[in-house]
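Chain IDs A, B, C and D follow the sequence of writing; residue 1 opens each chain.
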Amino acid sequence: MREMVGKIDLNCDLGESYGRFKLSLDEEVMKYISSANIACGFHAGDPVTIRRTVRLAVENNVEIGAHPGLPDLLGFGRRWIETTPEEIENYIIYQIGALEAFAKVERVKLLHVKPHGALYNKAADDERIAKAIIKAIKEYDENLILVGLANSKLIEISKKYDLRYAAEAFADRAYDKRGRLVSRKLPGAVITDPNHIVKRAVEIVEKGEVETINGEKIKLGEIHTICVHGDNPRAVEIAKILRKKLIEIGIEIKHMAEIVK
Amino acid sequence: MREMVGKIDLNCDLGESYGRFKLSLDEEVMKYISSANIACGFHAGDPVTIRRTVRLAVENNVEIGAHPGLPDLLGFGRRWIETTPEEIENYIIYQIGALEAFAKVERVKLLHVKPHGALYNKAADDERIAKAIIKAIKEYDENLILVGLANSKLIEISKKYDLRYAAEAFADRAYDKRGRLVSRKLPGAVITDPNHIVKRAVEIVEKGEVETINGEKIKLGEIHTICVHGDNPRAVEIAKILRKKLIEIGIEIKHMAEIVK
Amino acid sequence: MREMVGKIDLNCDLGESYGRFKLSLDEEVMKYISSANIACGFHAGDPVTIRRTVRLAVENNVEIGAHPGLPDLLGFGRRWIETTPEEIENYIIYQIGALEAFAKVERVKLLHVKPHGALYNKAADDERIAKAIIKAIKEYDENLILVGLANSKLIEISKKYDLRYAAEAFADRAYDKRGRLVSRKLPGAVITDPNHIVKRAVEIVEKGEVETINGEKIKLGEIHTICVHGDNPRAVEIAKILRKKLIEIGIEIKHMAEIVK
Amino acid sequence: MREMVGKIDLNCDLGESYGRFKLSLDEEVMKYISSANIACGFHAGDPVTIRRTVRLAVENNVEIGAHPGLPDLLGFGRRWIETTPEEIENYIIYQIGALEAFAKVERVKLLHVKPHGALYNKAADDERIAKAIIKAIKEYDENLILVGLANSKLIEISKKYDLRYAAEAFADRAYDKRGRLVSRKLPGAVITDPNHIVKRAVEIVEKGEVETINGEKIKLGEIHTICVHGDNPRAVEIAKILRKKLIEIGIEIKHMAEIVK
């Protein structure tokens, strides 16, 4: 085996079912990732689902994070809602607390927080929302790691406020030239071919760069974690070969807490 | 002033607004009580309301408890839903965690849990539901105090499982001869006359007994806390004179954590 | 081809997705049924899903009915909620109106109403709830057909109040000896083997009887419609072979409006 | 009494309670208005509340309209959600149908539709959203009257698509110089002094103009209806004196259906 030349975290959004409404293949994908971002009940997830997902993460030695979203089950938290920073701050606190309760009863630690959907994208550029998220986390537990889009305002402000952060990249989502994710409503926004995804992931990890939807290369800078989407029908296959490939080229798969400063 | 001859906690269900939908006179009633049971978002309450209510409690030196309910905003958690013990256990864990998050950011401790509405009444007689609630609390934090109806199954099983409990009595609700609360749908279920409420409270505290809706006296046994309803239009007035009267007859108003073993 | 010796309606519960949360294989199963019971937004379904499902029914020449449920998305309307008859009456009116709005914009008629889940089962035995449902339908449109469990109180009271009804049987659900459906929580409640389902359906249609979970035969009496569950992973296959088999033995598949008096 | 020199409709947003969460003083304000815009369950309102409100309108000889909003109970439909025109179109159809069901069972006609909150404000300037609303209404029932802000895109497009409309003005809300409502989050956005409100209403009706928050006069053009807010604590008093004053100066209070072409 090659010498390990780097480390990366593989994260996946999980626990996204709601009662009988099932989403994501949690059981299978858990085997190949290092971090689980667990939905907290606002855009997806319910108490029984959260419990089950936390247990599954524990069994698979996967670290646990909260994945708070906007209170919009119908829109799956993907539609921005004109909320105030005060609302966002408290929505985040509420959801982290709810999620951590299950970590507590299952005797594991909550290590990170990754905002979901429209909240994640909004925080990439909107300073007021980014600050509200950071404020919530710092108030709640200043040791938590905030996961945000590489090169985003959210990451920039996390540095400024001295909050630990993990810069995230997406191998299966198209980027625009500003380094933002192309809206899911546009054609080509989601990449589904496993080989293409793996190729992009390798480039992200090895060179810190990615090809945009228009074919240019852009720099993403330091990347601590790569997102593997659990709702892709081929998610399990992708996670599996991505993990294998990264190890082959000498990259260790580690939880972000072992990677970020 | 008379010598203090006993102690009682005065609790009130608060934080029951939901966005613009306002319920209860939190600001005013907070001055006269010792414990606040704060709605956690399932039957009432939302993150901004919870934050505000926790702050208000802190300012008024009132202790904080979680008031988890059934997921039924439309029915205000007052309609029993045919849930499983597993569902109840996880609904409770979720809500306690969400509430405690706000206690944490406001630097206070969460001290008790009081099930709300249909959950409270169901747990008074249904052993499976009572056990699910107790299990949730013990898993989450075995130092929390569970508030339940005096003489109920919930209290009986708390003793058996060695969970600290506070036996609660209602001065403003009619009792049946079994010591259960008369359904709010029946006439006479809610007592609104302040003098009558105070008279009943005194009898509860001094003699451990209450008059049923049919005029008989029944024994309630040890009582640690009396509930003052915040949604009564005269709630503030009632809380005020009740507190005054209890002090006059030599009863100290103390938080339940200083009363229960 | 054999001479047609009888008629039956095949109905299926459809439109049960909620935003991104997908349930049922609407597109495929639509080809084999004669009536679609469309979720109305309380236990499942949302406006965009309803629109799409109504269109799909129209394209497949399938008749449309409302499938109102309890306001419990998390429990998928399968948990009884202690509602009043007044609540049920108005929940039904609301949901029928919402559903009919889409029939109206797609220029088709709403022909039937089938209560969903816990409401359906409760109405099989609880006279107050059965009457509330019947009252709602008669107030709204007395020409609608009410679908209820064969031999249930709901059917009995429909006759008494002169409301058109369709007696329904389930080929894929276990019956108890009273002719009630065995709770989904119990083992053996749901039959998944396509051949077994078809065999039962034939017996129901030809003899008006069904085998209970304990192996006895019970009489179901007149049956106007058979339910094919859309959430069974093999739903499409089952609907297909069931339709074929029924036609082979001389049964015409007709919408219930052409079958009931 | 003076000769009647003009006509105006007085409308009020009603039926905004949600279960036990009470809003607006429906009973009292109903006596002084000519049109009720009834919440349809998305931002406020529930089936039992809708039923009660429709009955109340009938008893008071007040005409009924649907008041559809965004699916955001927590935000009371006042926060814009990044929805698609397809979503808006179907949300409107759903809510009109649900509301009309109650008009139907109470044997009255639904005459108008007024979008609520963020939907109303968005439609004042966003052509795609305005068109989605108009499309929904025309598909559902082309005889309905659409209520929109005077001089808004919504009114302009209604004319273009030949949909009947009622141009609305607000006597109790501040305007900016473009003739748009000042956001409720800004100071001075809501006018609460009854005399001031009446003075503004008279100016709106007599001259078709209103004073902006900066003290300039702007032309509103033709006005068919004035909104009286039911959630103002002095709503009843305001409605009462407004009605009286308008009659005194020779203005008839008529339902919008008798005013618009």
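Here are some notes:
Methods note: contacts are C-beta pairs under 8 Å (C-beta built on N, C-alpha and C of every residue); 3 or more make two chains touch, one makes a residue touch a chain.
Keep in mind the model is a prediction, meaning the values are calculated, not measured.
The fewest steps needed to get from chain B to chain D, moving only between touching chains, is 1.
Comparing chain pairs A-B and A-C, the larger number of C-beta contacts belongs to A-B.
In a homomeric contact, the two copies may use the same or different surfaces; for chain A and chain D, over half of the interface residue numbers are shared, pointing to the same surface. Centre-to-centre separation of chain A and chain C, using mean CA positions: 41 Å. One finds 43 Å separating the Cα centroids of chain A and chain D.
Residues of chain A in contact with two or more other chains: 74-75.
Residues 41, 47-48, 50-51, 86-87, 90-91, 93-102, 104-105, 139-141 of chain D are the ones that touch chain C when the two sit in their complex.
Touching chain C in their complex are the following residues of chain A: 17-23, 44, 46, 73-76, 78.
In the complex of the two chains, the chain D residues touching chain A come out as 71-72, 74-75, 79-84, 118, 185.
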